[in-house]
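My questions all concern the structure below.
Chain naming follows the written order as A, B and C, and within any one chain the residues start at number 1.
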Amino acid sequence: MKVQLLCVLLAVGPAAIAQDGSSPFREVLASARLSKSTPEWRADARQVTPDCKISWSVGKYTLHGGRQEGVEIVVINNGVMEITVCPTRGMGILSVNRGDVALKWDSPVTEVVHPQFVDLGSRGGLGWLEGFNEFMCRCGLENNGHPGTDKFVNNVGDEAEMELTLHGKIANIPASEVAVEVDTTAPYAIHLTGTVFERFMFGPRLKLQTRLTVVPGETSFQLQDVVTNVGASEQEFQLIYHSNFGGPLLEEGSRVIAPASSIKPFNDRAAEGLDQWHTYDGPTVGFVEQVYLLTPKADRNNQTMAVLHNKAMDKGASISWSVDELPHLTIWKNTGAVADGFVTGIEPGTNYPANRSVERKAGRVPRLMPGQTRSFTLTFGVHSGREEVEAAARQAAALGMARAGVDDPATLRKRD
Amino acid sequence: MKVQLLCVLLAVGPAAIAQDGSSPFREVLASARLSKSTPEWRADARQVTPDCKISWSVGKYTLHGGRQEGVEIVVINNGVMEITVCPTRGMGILSVNRGDVALKWDSPVTEVVHPQFVDLGSRGGLGWLEGFNEFMCRCGLENNGHPGTDKFVNNVGDEAEMELTLHGKIANIPASEVAVEVDTTAPYAIHLTGTVFERFMFGPRLKLQTRLTVVPGETSFQLQDVVTNVGASEQEFQLIYHSNFGGPLLEEGSRVIAPASSIKPFNDRAAEGLDQWHTYDGPTVGFVEQVYLLTPKADRNNQTMAVLHNKAMDKGASISWSVDELPHLTIWKNTGAVADGFVTGIEPGTNYPANRSVERKAGRVPRLMPGQTRSFTLTFGVHSGREEVEAAARQAAALGMARAGVDDPATLRKRD
Amino acid sequence: MKVQLLCVLLAVGPAAIAQDGSSPFREVLASARLSKSTPEWRADARQVTPDCKISWSVGKYTLHGGRQEGVEIVVINNGVMEITVCPTRGMGILSVNRGDVALKWDSPVTEVVHPQFVDLGSRGGLGWLEGFNEFMCRCGLENNGHPGTDKFVNNVGDEAEMELTLHGKIANIPASEVAVEVDTTAPYAIHLTGTVFERFMFGPRLKLQTRLTVVPGETSFQLQDVVTNVGASEQEFQLIYHSNFGGPLLEEGSRVIAPASSIKPFNDRAAEGLDQWHTYDGPTVGFVEQVYLLTPKADRNNQTMAVLHNKAMDKGASISWSVDELPHLTIWKNTGAVADGFVTGIEPGTNYPANRSVERKAGRVPRLMPGQTRSFTLTFGVHSGREEVEAAARQAAALGMARAGVDDPATLRKRD
């Protein structure tokens, strides 16, 4: 155990050297390698970037009480937005708040639940739902879809069967390494890095490195994720960015603009609402979820974008990404009662959220050779006021297709 | 996460205003809403109620070592009794001690096990037994009986099957809000309040609010529980007060007095001992549990009462409750060896502890409309000396029926 | 809960009185009985045994970060070796380091995983593998082999079925009592004692007491374990000492010397390599484990010994034990890629690691009467330099049989 106790390695994640060669500010907030965890910590512009005009801050806090005892969160305030990330829950993003626009939803689960209280196998493999309340959580990495039986290779080399659990493990694994970096030259970008391992002996050997970057004063932020096969054999992986929105963005009359060459309902229930897939009703007691599977359309750089906005088009959010990295998009409409979780999900992924056995058959389970990595870059925008929202909507529409969700969705191919 | 960090709401549970308008003493001991947890804390009569003649105290402690690392307990001493409650285990009551009379038992499980070490699904759904050693723990709230398959509605609105686990989850969920209140006017009642949520996305949305009240110097205490459907749809719930007694109350020759209009054995094993259902043998190696299902008889106010006393009738305990609230009573006789858990349970409930599918078919699974509450009030008495015990026994007998357990149980209808 | 709070019992485990009557040094590091846990602590020769020439030390540390948050370890340095034990993981031995010889391996699981993050039932009962990276961990106590269905007696006295999980629970149960003792007279032996309970209501009632003893300056250490049936009825138990070696001991050309009267392959895969069971290849991508089941040969005192050494025979390890206590030996060859866990296991046990149902049928599941104990003493040696290694190899060979692994293994009876 010398490693944990004496190791003085300070580098965590990708090297962090500012472009002009100046040394960035860096603080390790948690590290299994250093056997370190900082319960409470705070840094701000005055200390770190005295020349920065914008009053940013980053803090780490440990939550207490009930099922959130010991949960660690990092709150980044870039002067105009507050982004809350939860290292204890796989570096998921709990919420993003910009004045009266918020990327978040009100789950029936209100505490930030520590993974120790989540039994993924419970309720027929739906135990993940006991902790689900993030704005954005990753589904994966070994599997990321519906529960149910799938095959795997066990410790004695035999093909065996296991019960997959809903949306996989990664959202319930604490990050092993967490650090904050701040560029000490303009524009003073703030970076939060995290490393989450999904590792078993005779099981998955996958590493997720995530880097959230936000520039003081800006109204968008970026995730740069890298998934690596740290094992010696080829292995499958899956990844979905389960991004969830409730009020005030989601309300009766909200719309999602998601350019797509194909939209398919997940099941008969979704088929009922196919023509209205892009518009939302208000909270409806007893509403049963509708899920749509899209093939996003992209620009010449293979970038696509999805926008959600409220009825008045003065509050909006956008997600931009590359279809080379995340070729599939799932839209989850769950406009049940507020008390039951009034929410919609915009979920770019390597695949759709069916059971892995289904996705594998459809050729949607990517594989990584030993040491191979796959990168994923997503930009999340928070749009306030009609001007910003319309600009985002225009940008989505400019992808060269029917402005789905605003124009006629019937022009989209409904089923293969 | 502003909510957790900045929220300054102080009200937890029902409002607490003393009857004469004076402000009661109040201390929040744990709160997920305030992100607060107090590892160690103590208050006593001298500080809080200097005019009170009785030297009471309340303390909160955090346990260490083995499987109890991090478990929080609250110890209330009202001058004559010490009541120990465990917020980490769903506000269960670990023990009540009044001199040489104690409401407790010696489980093979001696530590106060943190829920993180309990896998409810293990041992074929019997994992609950890994932490079971409370004097009184609640069984519920989504289900509270035997393990086994039952149907439920899953996230996509389909009726699916899940494996219920023994006695449900509530005894292994940490309370989200815990507070102590003390009336600052005579009789200076001490209240311990707690809120425990059993919540899932696409699952149960139930809230338990409990209020334990004890007056300095008195030898009984009261639980006032409220269960609320905090979801938007009607849902089922179940609740049993699993109250367990070992020595010194339980010994060869102990008797339970439980007025009932019907007593049925749970199974063939119980049927063997039906005639002696109300009397106890001493510790017996290899004894297999016997369970009896009673319909309690009540007075004109629908109050009923069960009394357990030792052979000499100089040590006793009583539970009083309303049959409107808890119409069913289970008597669990488990007079095995001391090392294996020599214990009897007196368990008022909304139902009997069969699998929920059985209880539903029998019409014993209550339902709550959205926002609807159900209240449960139980009074626990600790009786020392022949006079007190006989008074309690008389009170039970005075319910206008054969004094079951003392008189002839054969007058009771044995089977439907 | 008076017991936890007020108990002043200081004795933990076997009484500790030095042979000359002088009082040994003693420190309780964790105790559920005393509700005590010491996050950080250190003692050394200068303080405790000023007359001792060898500079030993013992420290307790709490690990932080990722899945090891809150894990407690004890590091014993006897002047020439460093032994790291993990009370949080059932008193397993994480590693033993003596200069360039180490008893350890590099698992894909690099953190010391807290049991709260291990779901033994996951992956078809293989969840144990999520935390497996010890040099030596115990498998047991209720069961210790492969997952799969076996019968048990449930709470209502019925024979029921449960799914056993790989290698049982004991390696994922925190020790309830942990103490360090140091003899204050020469040779100043250092003892680390721990008590781990595997207890359920209506389940196993087993106690493991372990005492690791190491003398300053010596290159071997001893485990003295006692398993006790603390229940009132006869019960089964199982115990395997899963001792695992990677580099530098394990490399292409390493050999294991394990005197045996019988060697059987566990399955067809192992049968393929039977003739080479005692020699090792280097890391091989995709290697599927081979497991051999041996009946050890012993000397007139029923002591046997297994030795593993590297190709140059200048680094070695040995395990010595009594075949009366542990009559079965399993050799696990898993020379996969380093990234996947390049490792071999030398595993003395009460049985082989098949499912308990198989072992029971073969008469290899021991039973304990109430109060009965079984003791297990193992000596682990760390050998550096050709002279030491050859001496150990000779000692093994001197057990009066073909020097298996060096001489011709074909002389061994291959299959019954």
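Definition applied: a contact is a pair of C-beta atoms (placed from the backbone, for glycine too) under 8 Å apart; a residue touches a chain by one contact, two chains touch by 3 or more.
What you are looking at is a predicted structure, and each value in this text was computed from that prediction instead of being measured.
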Task: Cα superposition of chain B on its sequence copy chain C - rotation in ° rounded to nearest 5 - done: 120
Open item on the list: For chain A versus chain C, which are copies of one sequence, does the interface use mostly the same residue numbers on each side, meaning over half shared, or is it different?
Closed with: different
Task: Geometric centre distance via CA averages, chain C-chain A, whole Å - done: 41
TODO: Would you give the residues of chain A that are in contact with at least 2 other chains, written as numbers and ranges?
DONE: 116, 119, 121
Task: Residue numbers on chain A that touch chain C, as the complex places them - done: 1-2, 4-5, 30-37, 70, 115-116, 119-121, 152, 154-157, 160-163, 165, 173-177, 197, 199-203, 205, 230-233, 370
Open item on the list: Looking at the complex, which residues from chain C come into contact with chain A?
Closed with: 61, 63-69, 73, 75, 82, 84, 94-95, 97, 107-112, 116-117, 119, 121-124, 126, 129-130, 132-133, 166, 267, 269, 283, 285-286, 288-289, 336-341
